[in-house]
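Presented sequentially are two complexes of chain A, the first with chain B as partner and the second with chain C.
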Partner chain A sequence: MGRFGFVGKRLLQVIPMLFGIVLVVFMVLQVTPGDPARQIAGLRASEADLDEVRESLGLNDSVLEQYGRYVGNVLQGDLGFSYKSRKPVASIIGDRIGVTVWLMGVGLLLVVLISVPLGVISALRKDRPIDHIIRGLGLLGMSMPAFWTGVILLLLVANTTGWFPSGGFGETFWEKAHHIFLPALTLAIASSPFIIRGLRAEMISVLESDYISTGRSIGVAGSRLVRRFVLRNAAGPGITLVAIEAGFLLFGAVVIETTFALPGLGQGLVIAARGRDLPSVQGYTLLFALAVVTIYLLSDIITAILDPRVEVGK
Partner chain B sequence: MTSPPSPAYEGVPPTIEPLEVPIGERGLWRRMPKKVWVGVGIVATYILVALLAPVIAPYDPLLINPANSLASPTADHLLGTDQLGRDIFSRVLYAARVDLPIGFLGAFLPAIAGTLLGALAGFYGRWVDTVIMRTADVVQAFPAYILVIVLVFALGQGARSIIIAFTVLAWVVYARIIRGEVLRVRDLDYVHAARVAGLRNLRILRVHVFPNVINQTIVYLPSDIVFATLALASFSFLGLGIPPPTAEWGAMIADGQPFITTNWWFATVPGLAIVGLGLGLSLIGEGFEEALRG
Partner chain C sequence: MSGNLLEVTDLRVTFDVHGRRVTPVDGVSLTLERGEALGIAGESGSGKSLSLKSIIGLLPPNATVGGDLRFALDQESPIPYAPADVHGHGISIIFQEPMTALNPTMRVGDLIAEGPKLHKGMGKKEAEERAIELMRLVGIPTPERRARMWPHQLSGGLRQRVMIATALSVEPQLLLCDEPTTALDVSIQDQILGLLQELRTRLNMAIIFVSHDLAVLGEICDRLAIMYAGRIVETGPVDEVFADPQHPYTEALMTSVPSFGATTDMLIGIEGRPPDPRDFPPGCRFAPRCDYAQEDCTAADHHLASVAPGRTTACIHPELIEGLGQ
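Then we have the complex of A and B:
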């Protein structure tokens, strides 16, 4: 089977997985304590009013019927209405998604800018002082809760220098970039240590392989060797690592958006969960799951295209 | 060589390298790198603080004193007081009694469950294997952190929900690792010999297989305790974890954030407590890995 067959097959695998995710999210939230009708109608609603709300929401139907209807609505882009603001969940998500895309985009860029050089230096200078320093910093970074790092950056950078705003988001491109920098840096500090560690291990195993020794012995220059062979061979696993990190990055976004008062999806999910706003929680969860599944899919496809050895179909 | 990162909560199976040294080997403890002992020292200090908090803490962590709120550090209040006039130093100490047990349980329970299920799957094979490993596939298909949020939302706030959510999600990685190890060990000569000698399956599993595969679990445990503790603190920070007024490091950071310009120590110190614990555990984990992977 060719590479495109692989991509097609991988795409087909995603569909049942998405249905499964929707089903589990739906089931889990079904058992959530609390009466949605009561939440909508208010505390002083009569029993008759409650029945009316239940009927209009279809809460009297069986769980399977409700699930079917939910899936049908989702496919048409209808995620229901927020219990709190009464606005359509889809439009709330639409308002918030830009912030999160910015955060993830700039965050990922910083992750690469930080991780690749440090990982490469650490591997090339294995067991030298600089390697120990980088690994030590990595351990420190892994132990710091992202929200705390954010608070410390606010204290040390935003408050003392006044160069960066302490929260919120802007209107113009530059305002946005300005507001997103510290949150994105926080995200990068939280997730780079894992990438550095993985990249280092991957590069060391490539460096110790036979064809690198051969290259060295026939006199290929060191820097050329690293660029042409080592980095190239470590790139595939590197991309997989970043994809594995995606779930973690999204959770990081939830925490960091709350720390920096960024009106993104993560902050929305937290507000919805605190307010026990079920349709919103469902909507956000679905979107996050979709994002993670898409990132895994993309990374598999990129890896397959980069590396002809990925045997496809097994 | 160190293995690639593999926090269990991300639900992705780590690359498994066979360990070269069995855990019971003589002299293993003497060969442990120094960092393990530094880490053990740090973690032991935290455990002591947790146990002795009622003795060392100068104040009741829940005692409110509105007349003396947001005080700066003094001899009376070493780290000042919070927005309700509670002693921050006492709260930081008492929080160890919340974060430590939940962090440890949140890592140990999935490790135990995963190890047992993985061993059963590998040893018995056939339908036992199918049921356990297909369940693992399903759990793993999910973006784990998102599912933790959903589970905690559904089960309600509190320690219990968080531990359940971790256990449901994190057992998978251990099950995979241990299953692989058991498959490897199952066909070794001494296990065959035990079977020929007429030992019962369960006894073979317990006496001959288990001690030889348990290392893998031990290598992954310390970093999972870090993840469980960080996750607990994150949930509490978001207001979805341990409800107030209980002293918990993440929740204290949330309390302190609005006062970061005036009372910077308020949010900083609980964070340092988390970082210190994380560093201690990471040192143990790295050291174990170096010693056991030879």
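Then we have the complex of A and C:
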């Protein structure tokens, strides 16, 4: 079962990658100027107090020991304590992760809903007026930065119509969906053009291939041709594109959550970075890196399921 | 029922390339009887493959097709058709590259079952059985197992057999073959040719076989049309054309094939290059490369004249051709 072998191999590749990520995140603490003990104990703390803090945090141990302990803690889900709130970083992240998952989820959904039909139409009507319109809109969307689009949506949609709240997050499912729509749309406007372009190019190359001629010659046409001969062949590269874009989306979330005052991970990261709250910054960084790795892994697995040839390419 | 199955008159394929009109197929006419096998020979770029694809309407969207196409599917005599009309009805095609002609994300059994599902109103189960039957017909061993395979899991020869089964799945009366053996090993080539020959007699199916390989055409075809620079320059029964070519280009083509070089062991290539479709020479397009060219050749109108029963040539000086082996 070659394809499952591929998935297994891909999973195994992730393990050293994760250790590498943890190492880099750990190194951040080592190379950042400033004394963590001083930050915790305060500016007026005595040398003895500082020593005590250092001892309790294990800062006097060798770097290797500290790294070992850090890895051990991370594996147990312990990301340390925030310098600011003294709360466990894991629980801070836990409080914020829901918002970002919503933002990403709805954002990606909108990206797919916008990009797939437009990409397909653009490819099927290549060089016709509708293709030019879609590509023009794409160029426009691509050149608008997310924070600007967000503000414009707030000014033009939220403030004038009152249909959408201009910030914050809700409690119930519908409240959440209502609050997340505009931020997610902002995200989608920024990333869809990229996917539309990629999908269009992929579809065009599929449409020109010999097996499409084979399909047409035996009378497969219209939507059946697109469904059975085109989409699955264009889907693999399309999903890889979406995965790459999802990585960027995460970092776009930082900007968008700030614009829309959403209490998510992106906003948390900004607050932590501004306050030099290193354990929190490490926690967020680790989580973002993990998320990107997971998304790429998922996209590889989906591609492997869709494309029977993957086992050959290993 | 006999009579003509296909009539192509004055076929022209035009491309608009950056505002310039290019006509790589320039006035091709041919007729095909039911069950007949016609070979079209020519160098690459002669327009043979484009002619074939315009018969079944598989040209790229920037191509314009002119001329009159008639096909007799259920009728006594050929009637005009739009190329898309024959997709899945009466005409099928097989391609040169069995590697790229099969949908990589479709199991081969499913691909072969598409035709029966679409045109014979068969259900899933029935179409699958039909696919296995077709795979058996084209000589694929253990078809039940192979129907579940993906194209990349099959060898080149088997893939070409799958392609043939796919083409046959719509029960065509005419099978277009676009150099289907060129990409295969010689031993596999023979098997595929044998298979096509057998299927042709068994299903009483007409064939148009396009190739640059005269030996292959000689094996499978009744009649031959030689194409040069977008035009047919000679037609006739295969044996007669081989024995006594009536166009200098045909003769040159034959002397450039090892087995036809009758008097010497030397391979004689054709001087010069095939002309560029953007800039065809005036008059007879072969004249600049022709050993027998006369002054009036560059002013000659293209016209296929009858030289013997069933034989035509576009050469205005066929009497000058020395023939082979003299």
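We take it that the second predicted complex is superposed on the first by the 307 of 314 C-alpha atoms of A that agree within 3 Å, B and C clash if a C-alpha of one lies under 4 Å from a C-alpha of the other, contacts with A are read in each partner's own complex, and residues count from 1 in each chain.
Please note the rule applied: a residue touches a chain if its C-beta (ideal position, glycine included) is under 8 Å from a C-beta of that chain, and two chains touch if they have at least 3 such contacts.
Because the structure is predicted, anything quoted here is derived from the model rather than measured.
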item: Partner chain in contact with A:233 - chain B first, chain C second, else both or neither; value: second
item: Touching partner for A:211 - first (chain B), second (chain C), both, neither; value: second
item: Residue contacts on chain A - larger count, chain B or chain C; value: B
item: Partner chain(s) touched by A:11 [first = chain B, second = chain C, both, neither]; value: neither
item: Which superposed partner A:259 touches (first chain B, second chain C, both, neither); value: first
item: Partner chain in contact with A:63 - chain B first, chain C second, else both or neither; value: neither
item: Touching partner for A:143 - first (chain B), second (chain C), both, neither; value: first
item: Partner chain in contact with A:109 - chain B first, chain C second, else both or neither; value: neither
item: Partner chain in contact with A:306 - chain B first, chain C second, else both or neither; value: second
item: Common ground on chain A, meaning residues reached by chain C in one complex and by chain B in the other; value: none
item: Complex contact set, residues of chain A against chain B; value: 17, 20-21, 24-25, 28-29, 31-33, 139-140, 142-148, 151-152, 154-155, 159, 194-195, 197-198, 200-202, 204-205, 237, 241, 244-248, 250-251, 254-255, 258-259, 269-270, 273-274, 276, 281, 285, 288-289, 291-293
item: Parts of chain A lying in touch with chain C, wherever the complex brings them together; value: 126, 208-211, 213-221, 224, 228-229, 232-233, 306-309, 312
item: Touching residues on chain B, where the partner in the complex is chain A; value: 1-5, 7, 10-12, 138, 141-147, 149-154, 156, 223, 226, 230, 233-234, 237-240, 250, 253-254, 256-257, 260-261, 264, 267-268, 270-271, 274-279, 281-283, 286
item: Touch list for chain C against partner chain A, complex; value: 56, 58, 60-61, 84, 87-89, 91-93, 95, 97, 100-106, 111, 114-115, 118-119, 150, 152, 163, 166-167, 169-170
